[in-house]
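Order of writing sets the labels: A, B, C and D. Residues in every chain begin at 1.
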Amino acid sequence: MLTTKTAEHIQEQKATSPNTLRVGVIGYGYWGPNLARNISEVNGAELIQVVDQDPKRQTLAKKRFPHIQTASGIESLIHNSKIDAVFITTPISTHYEIAKAALEAGKHVLVAKPLAASSKEADELVRLADKHKRVLMVDHTFIYTRAVQKIKEIVKRGELGDIYYFDSVRVNLGLFQQDLNVVWDLAPHDLSILMYVLEKEPLSLIATGARHSHSQIENMAYISMELARTIMAHLHVNWLAPVKVRLTMICGRKKMLIYDDLEADEKIKVYDRGIEVSKNNKEGLYKTLIEYRTGDMYAPNIEKVEALKLECEHFVECVQEGRRPITDGHTSLKVVRIL
Amino acid sequence: MLTTKTAEHIQEQKATSPNTLRVGVIGYGYWGPNLARNISEVNGAELIQVVDQDPKRQTLAKKRFPHIQTASGIESLIHNSKIDAVFITTPISTHYEIAKAALEAGKHVLVAKPLAASSKEADELVRLADKHKRVLMVDHTFIYTRAVQKIKEIVKRGELGDIYYFDSVRVNLGLFQQDLNVVWDLAPHDLSILMYVLEKEPLSLIATGARHSHSQIENMAYISMELARTIMAHLHVNWLAPVKVRLTMICGRKKMLIYDDLEADEKIKVYDRGIEVSKNNKEGLYKTLIEYRTGDMYAPNIEKVEALKLECEHFVECVQEGRRPITDGHTSLKVVRIL
Amino acid sequence: MLTTKTAEHIQEQKATSPNTLRVGVIGYGYWGPNLARNISEVNGAELIQVVDQDPKRQTLAKKRFPHIQTASGIESLIHNSKIDAVFITTPISTHYEIAKAALEAGKHVLVAKPLAASSKEADELVRLADKHKRVLMVDHTFIYTRAVQKIKEIVKRGELGDIYYFDSVRVNLGLFQQDLNVVWDLAPHDLSILMYVLEKEPLSLIATGARHSHSQIENMAYISMELARTIMAHLHVNWLAPVKVRLTMICGRKKMLIYDDLEADEKIKVYDRGIEVSKNNKEGLYKTLIEYRTGDMYAPNIEKVEALKLECEHFVECVQEGRRPITDGHTSLKVVRIL
Amino acid sequence: MLTTKTAEHIQEQKATSPNTLRVGVIGYGYWGPNLARNISEVNGAELIQVVDQDPKRQTLAKKRFPHIQTASGIESLIHNSKIDAVFITTPISTHYEIAKAALEAGKHVLVAKPLAASSKEADELVRLADKHKRVLMVDHTFIYTRAVQKIKEIVKRGELGDIYYFDSVRVNLGLFQQDLNVVWDLAPHDLSILMYVLEKEPLSLIATGARHSHSQIENMAYISMELARTIMAHLHVNWLAPVKVRLTMICGRKKMLIYDDLEADEKIKVYDRGIEVSKNNKEGLYKTLIEYRTGDMYAPNIEKVEALKLECEHFVECVQEGRRPITDGHTSLKVVRIL
């Protein structure tokens, strides 16, 4: 599990850090500015260059980080010998080409999720990274949140008992990119959380979706999966919902957990509730053989730290120490295969 | 749509009501006491007898309604010439036999949902009621809530525009009867609301469910339906959830509606939100052809009246005026067919 | 603390109960029907008569309880030798006269809160009950809720540490009686909870209120109290609020508790949060001497039982066993004195 | 009322802006980084220098804005001729000295709220700003939120009718500065909102507060104010609450408004609820002369823009166009006087 140094620790470390990781960001649209801001604040890293086709976006980046270089094409960045690592937040269809070029130029790479538009492409990127001994990390930001780390811990120590199901609703109004459907946009979050927390992969899958008359791409989908013979998983992803919901239920034989990412303080609630099979059935008609148990609920305290910052720190550490990231190409490849 | 007299009106009517409908209740377990209490408070009706196999339940009924008769077997009630109507809240497997006997004895009948355990049985009950010219009503209580009536009104006047989808989550911990699975227990609520509000029936259906090791019957299910070519419906019903959720989203081209039955005051929220196709796409990479529109939300005031009381009143009116109930055997037959 | 038999226990007890307490209810307006329904369902008690000036209300009572007597004047009830106890839910200004007559006629008495319109009247009723050796109980219903019982238990075992403050907001739109202001209507709830849970009485009090142009009586008030030298209590009671709020915070040195009576399941939340004085202050300008501690939260499971039923059972037990009620005249007298 | 250009507009304007306002920030603790980030992103402004006594904070600032100067003492900034404006976010006790020096050096000044530690000091700063014809703005950030702007608009157009009361609860766990009590920390927010929205000042005031044994300073307070003869205002500010609450009710004769700043989407709800005096009272005992009216609720859509950015833009405009800020020294002086 991810262990992170305290802010104090990091600040002190900074002064002594010998080699600074020099980073370039490709794509300064919706997510790029967040990556740029976080990596620029991480000790041991420095933001050097931002690339975006749109001059307006370049101006914004320059305004925000007056000391960096900006450019329209990726060439100047890929072949910039002063850059050690490339963060890619361009449309999915371009991930493969850009990541390939960067890896081949010897850069470490962080790619926005999902890794690539097909499992063939994803597979090749994973092999390229291995071949060139470079870090290839995929930006599954949720894995780095304190909440998901806490859920992993609770599940791993068996507090929930045997897992019965994983149910997730991730809906809101609107999308951010035009070259993918809702499943490619939203489902990677839940799939990566699901596989990370339960350490299981889907065996079978049924998906139903809808595109509405105005649109060529699906804007809502329901995905049912079987994880093991007894574990059911279900995702509801939707761009056409009036309100934002990010709600996951993980229910086990012993306890049940609800993760509401929109709650400020009580993101995780663990309910001491479940069922027990009773031996006999004296009461007759109105009692059942199954007993429902209702106990207390508790909400573990979750430290407030920006996940993207922890993720950027993790990237820097993986490069410095030659470690494999939690969300490396291999795990992300599985997500792409499912999609 | 249901129009209901005000409480004042009803009270005055009572004195002048010529023929009182004399009612017997069969089954005094979980739901029977509610039916008994409500029918005993409706003008134009009188509770005469309660039947239950369990002597303890008879004692409870007698304590609560000292003036009524109680019995163990249904015979005394079915052949009681002082009784005009029978309310049946026994396990589903017995609905058919009891309702058949009651209809053939010339009684009007209210049956707990679902009408019967098979569409063959349901079909025969519908025909029997028609043949004997008796009222056969099914207790789809939600249809009589002010909230569902308001939703019907909003959808009918076209406020939401063309409907895109109907999504409902109805989960909680625990079940009330041992002879049916979660779909037969919970889904009739959503199916009856769905068909009543949208005036459409499912064309196709995919369901996935799970029974967990302890149990012989499904305790959770996901049901995807196609209502018309462009309308998708999805139900999540679950007895194994840590918290109670009753949440329905109905989204249309123009507006979107959320119905949260657990909210005290703001059960229905209508969002002036949606999508519009934009004609051109000057902005390039980061803008999409689809525009999302976010406007105000409003929550219509919902009068607080017990739905079961309105339903009992509706039953009495249908008998007195020879009218067909909103939730008659025909509509409930459709629900049973889908199940 | 209140201990209550399980439903099973009570049912069995019923058959063996020797002497049934025969009860009459005076006042069948807003609250009377609730008292009548609950006492009629309690083992060891029987509803005999309902008195109300309004013939319409009598008709409603008769419809609901066909076996009881109804009357307009209290005389027939007070002097009815078949009645052992009187429940009084008339306007406050009449409590004294009616309760006095009932006690002098040898009846046990339950009075709606507050006990009387002045502490002089309340004081005399308390003395009368003592003199005639009759139970005089005041209907502070909240004290009998499982939630308040649980809070009492948590505070009593010292889980919160030394209490710092008690803050309660009890607001909604509308009032139920015309002869009292908002303080007399709503504050008795909080005062009775406050004194029951903390076992302390206010030493000093500042109240500010407002009546708006349309009204002769206060419709909102803020009350600040000092309970002990270090405990502060504050009530906000209001009839002119757009939403209903019933929220109490009890904060102690070790933990903090929130009681939200409108929550279905998680009425009580206990937060392991607080402050600690740190010894030194090395960090300088931006650190303070006081450390804030943020830990987990838990919500104890609260059994769902109607408080009014428990209260009616408690009344019957007190009469049968000659015990003093939790909410006897003495405690209620303190509430009236504060008001 | 504040009118703000759209993001598009601002971006284009940037290229053409002739004179850039050069800004220095004094104090880089909790709030300083937010001010620095926002002013650095505003068109027409540039961040030049950050001053903080703590070398660690200087390092953080330099990491974040590599192109700026940092220093320990304010002298280098105050006498830096390349700086046009100074943002002050130091402890309150130092506001007066620093702001005075800056104004006398011809700088425009933005000061964190409250303006100064006494009304005498505040008064002198206001006079100094007038004398030197410099902008003196106080950072009452809430005034610049879209939510408060919307509330102002709703109240100003008379939608709520005559105002009856303003009730605000602003509680949380923890404080940020050690040299002031909870009233000086939290109440300025509500006082500035209150006076801005209602355009009225308190006529009288009662405050009760508590400091707990560990502490020399008040950590909770209740403040009751009379605004006009019929308008009541009440604030509850508290550093020792288990949860964060920011909830304001503004109730008028016609409608009622709730502002919940912690809601993501529905920050403002307007309830068509109120009271009406009825002419007669035929019903007798259980009806009152006052009728309560319950209608629909609506939640106006609130655009999501960072208030601090709008505030920084407003500061730049006021300097460029010689305008008086919405939250100028005069209004803030009133807040200080009340405190």
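The definition used in the following text is that contacts are C-beta pairs under 8 Å (C-beta built on N, C-alpha and C of every residue); 3 or more make two chains touch, one makes a residue touch a chain.
Owing to the predicted nature of the structure, the values given are computational and were not obtained by experimental measurement.
Set against one another, A-D and C-D show the most C-beta pairs in contact at C-D. Taking the mean of C-alpha positions as each chain's centre, the chain lying farthest from the centre of chain C is A. Spacing of chain C relative to chain D, judged by their CA centroids, is 41 angstrom. A straight line joining the Cα centres of chain A and chain C is 51 Å long. Chain centres here are Cα averages; for chain A and chain D they lie 36 Å apart.
Taken residue by residue, chain A touches two or more other chains at 243, 265, 294, 297, whereas all remaining positions touch fewer. The residues of chain B lying in touch with chain C in their complex are 11, 14, 40-41, 43, 56, 59-60, 63-67, 243-244, 262, 264-265.
Residues of chain A touching chain B in their complex: 29-30, 53-54, 57, 91, 164-165, 167, 169, 173-175, 177-178, 206, 208, 210, 212-215, 220, 222, 224, 230, 232, 234, 236, 238, 240-243, 249, 251, 253, 256-258, 269, 271, 273-277, 284-290, 292, 294, 297.
Looking at the complex, you find that chain C touches chain A at residues 265-266, 272, 294-301.
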